[in-house]
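Labels for the chains are A, B, C and D, by order of writing; each one numbers its residues from 1.
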Amino acid sequence: MDTQPFLPILGQFKAVFLDSYGVLKNHRGLIEGVQQTVDYIRERGIALRILTNDASRSQHEQFAAFRRLGLQGIEEDEIITSGMLAKQYLQHKVKSGRIAYLGTENAASYILESGNTSIPAGDVDLERADEIDAFVFLDDEGFDWNRDINTTVNLLRRKTMPVIVANSDKLYPVSRNDVALATGSVAQLVESILNRSFIHFGKPDSQMFMYAFDHLNKEGSGQYDKDDILMVGDTLHTDILGGNKFGLKTTLVLSGNTSARNAGLLISATGIIPDYICASIVG
Amino acid sequence: MDTQPFLPILGQFKAVFLDSYGVLKNHRGLIEGVQQTVDYIRERGIALRILTNDASRSQHEQFAAFRRLGLQGIEEDEIITSGMLAKQYLQHKVKSGRIAYLGTENAASYILESGNTSIPAGDVDLERADEIDAFVFLDDEGFDWNRDINTTVNLLRRKTMPVIVANSDKLYPVSRNDVALATGSVAQLVESILNRSFIHFGKPDSQMFMYAFDHLNKEGSGQYDKDDILMVGDTLHTDILGGNKFGLKTTLVLSGNTSARNAGLLISATGIIPDYICASIVG
Amino acid sequence: MDTQPFLPILGQFKAVFLDSYGVLKNHRGLIEGVQQTVDYIRERGIALRILTNDASRSQHEQFAAFRRLGLQGIEEDEIITSGMLAKQYLQHKVKSGRIAYLGTENAASYILESGNTSIPAGDVDLERADEIDAFVFLDDEGFDWNRDINTTVNLLRRKTMPVIVANSDKLYPVSRNDVALATGSVAQLVESILNRSFIHFGKPDSQMFMYAFDHLNKEGSGQYDKDDILMVGDTLHTDILGGNKFGLKTTLVLSGNTSARNAGLLISATGIIPDYICASIVG
Amino acid sequence: MDTQPFLPILGQFKAVFLDSYGVLKNHRGLIEGVQQTVDYIRERGIALRILTNDASRSQHEQFAAFRRLGLQGIEEDEIITSGMLAKQYLQHKVKSGRIAYLGTENAASYILESGNTSIPAGDVDLERADEIDAFVFLDDEGFDWNRDINTTVNLLRRKTMPVIVANSDKLYPVSRNDVALATGSVAQLVESILNRSFIHFGKPDSQMFMYAFDHLNKEGSGQYDKDDILMVGDTLHTDILGGNKFGLKTTLVLSGNTSARNAGLLISATGIIPDYICASIVG
């Protein structure tokens, strides 16, 4: 797979959207050299947004996590998560209700911010299922899989209600070779058992790009057209497909899910064609 | 199911997005009384866009079809089809290639407008599969199902390429009781046989709403916020889900796919909640 | 739903195959009155086999469990489990290998009886994945769902090997209203993640009926034809479909999965038609 | 892939079950040399049955087809088709009803032999859907795909009834490179549209092996044990899986669906392990 250096491409754009996992960091921490790229972005005055399907942590926590890893120069409000889109949906469509969830207490902050009350699936009393107004799949951690997935199935058998999947990713890498099941897999198991389709948030749906685009243009510092924006990600069927459908130029980086070895095959097999391919966002 | 009259709701908005089938027309022709609603829209100066997942006919043909049915007051460029989104994708990502398709010759105009060359699946020479650059599912008519679906399967087995589904709807009504398989069903059969996922266009993806929203705001006649726009449709999981996710107020009408009898059950079962429910856009 | 008394039907047959859960017992214990029916079977000299998709416990343990519940008159070797079929497969096709599993230690007895060595998924060292020869889904209990399902996914990503699902049931009842995910659901989650189909055992596959039929005719006490045998179960798509396809007369009982309220609808919707319908095997 | 010569293996068995397509014949006609193997079978007095998932033609027609291709020495009643199993099911469970079907008139002979009346899907009057008692998917030919699949969907929406799939194969080869969609694909499309599971017949279900095994042992010429029988086929997940589960020794031949190039990979990936691998049944 022939790759191009990233910075000369980046230099042609007024704004850049970056995926987080596989682009800025991986299972070992920050990807080496990304600080220089962020510095370059700041020096050039290129607008930046980070678009992540991670709904397990709030904007603030993701911001703090970058800080802990040692990455400087990213502002909290430049981080856009699929959880924020789920929150917005809950806010507008469920309003002041009682929402049960699978995930950590941290992840549940999304629900509280939406003006609703949160209750972990493990604390739901099935005899009082009627008091629950909606359900959210937030994270693959923070609960007992056997007990709480069963409670979720029984809750949703007893009462029909809106069910939101705040992160549809199926797997995430935990080491060079291995993966872990993500929220999307847990949700899919329950969808299959109940023979239902839930409401999914996150890339590749254009909505997350729209959110970032609107946010960018609210700054007032001049208008950004779609032609001015480069989308960068490591996954064809979320980052690149979503960017392509939204009408942005797209760069696939080979520092995450997609390896140099199989990128060509995957591109031709899926028909999801990035405008550029780079080894990483470094250099 | 309690419903509200439509016009008083409509009167609160500066713009309205209407689905076509099940809202303006059905299998028998125009829905009685819709001309008055279109007239009301024009008198009040409410901006109008029609958002349809029908990719079988060009913008112009859909315009002409409304005329033939006797509907006045809709402009050609107010009609936005999922075929136009597919065209845009082909334009940006395939460019000047040779694109095979399933559908009518009319539907193929989307491909020609994208700057690519079109060839019906039935005319593809499998020995020269390498000359085809992409494939598009456009319509359920205009080809021999047995022969041409088989050709499609064999073409896509011989060469990996981008495959676009310009209309993901599975069924459409042909009479009060009966349905016909739509393009989305044919595409799904081929996806299942090949164990692949194609690139799908149309509602509920936010992209079609984005396209309409951008188009609206290019007119210059003042800016429209999302709060100013009402989305109206007859199908929960395309029109209403898409509108809700994009951040519009939504109205479900009971003049098409969703009947008064099952609307309440479907809403609670799917968790897709319209802001308003009306019998139709009339009155 | 019109039902018939069971004993007059039973009296017409020389042998009877009974499902266990929903026929002899339920989540509360023995179904009231089944002892009399077992006594009747013994007095009449009707041959009996119990056919269960439960692979979580050995033949001996299932026998002991009936004893603990107070049921008399069932012999250990009259119990036929889907685990025994899985064992047979491992015996003939894997032979003396090392087999990893999800389930309790008890369930693993099936593997040991097959002449293979068993290792719980939780004890698998992924760096030595090459030493594992096959994988078996045995039970939904006896492991940490989050940790061990992830280990299973990673093991099967690292090495392709035969994967056996010893019980394909998706759910089992745990109370009058509620269910728990069974082994089949866990296996399906992993199949979906890996995009693979595993090798499934149990009803409705004819193989379990064949096993019981062969076993019956090995007794020497005269030959049994298929016409001589009645299959009795509470689930249409396992017990009744399997019995029908194997060529037995079938009785649906309404003491388990299928209720009097929905039996008629389910029968016409599935086209799985029992020869008789009884409230239970009692009376 | 190392292969063994076939005849020395065959010589160790008292009976052989052969798949038809990919073993005796392919898209070009008889596989060269199979006459000698059939002659060898006859000389040695090895019992023979042919097990085919082809439900498009009756036993007699399949017999006649072998004759036309020039193959001698196969008796009509040695041919066992999945259509015969479907017929048996219809006979026992639908009895004297009116059965609609997709397939050729020839294929419909199975229905007539079952004592039921047959009506092509294309001739069904949807207004009289109530008069239809069951539906059978028989063949991928003999009907207008677009019109008659739509009629099938509407018939099954209007009335719930037993639906039988007499051949679950998804594809069949029509040339060295190309395939055609088989009955199983058409049935799967309709299952997916209606969100239902139909009743499927054919390998790998043990029932077809059982039928052949019973038939063999009805001849009276001595008893055959499972150990005495060799199953031979070209497809892992039908012929070999079914034979393995039934408890027969199995031989995979590389003259059909499974090529020498990918056999090893497929065996390890599926865990379906034949006892022997041969290039073909010749030599």
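Just so it is clear, a contact is a pair of C-beta atoms (placed from the backbone, for glycine too) under 8 Å apart; a residue touches a chain by one contact, two chains touch by 3 or more.
Computed from a predicted structure; not experimentally measured.
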Checklist entry - What is the set of chains touching both subunit A and subunit B? => result none
Checklist entry - Which is the least count of steps on a path of touching chains running from subunit B to subunit C? => result 2
Item to check | Centroid comparison with subunit D (C-alpha atoms), farthest chain | outcome: A
Next on the checklist: I'd like to verify one number: the distance from the centre of subunit A to the centre of subunit D, where each centre is the average of its C-alpha atoms, in whole angstrom.
Outcome noted: 47
Item to check | Rounded Å distance between subunit C and subunit D, as computed from the means of their C-alpha atoms | outcome: 27
Checklist entry - Once you find the CA centre of subunit B and the CA centre of subunit D, what distance in Å lies between them? => result 41
Item to check | For subunit C, residues that touch 2 or more chains besides their own | outcome: none
Next on the checklist: How do the chains pair up in terms of touching? List each pair.
Outcome noted: A-B, A-C, B-D, C-D
Next on the checklist: Which residues of subunit D touch subunit B once you look at their complex with the stated criterion?
Outcome noted: 126, 140-141, 144-146, 149-150, 153-154, 157-158, 170-171, 177-181, 185, 188-189, 192-193
Checklist entry - Once bound in the complex, which stretches of subunit D touch subunit C? => result 85, 88-89, 92-94, 134, 160-164, 196-199, 201, 205-207, 210, 237, 241, 244-247, 265, 268-273
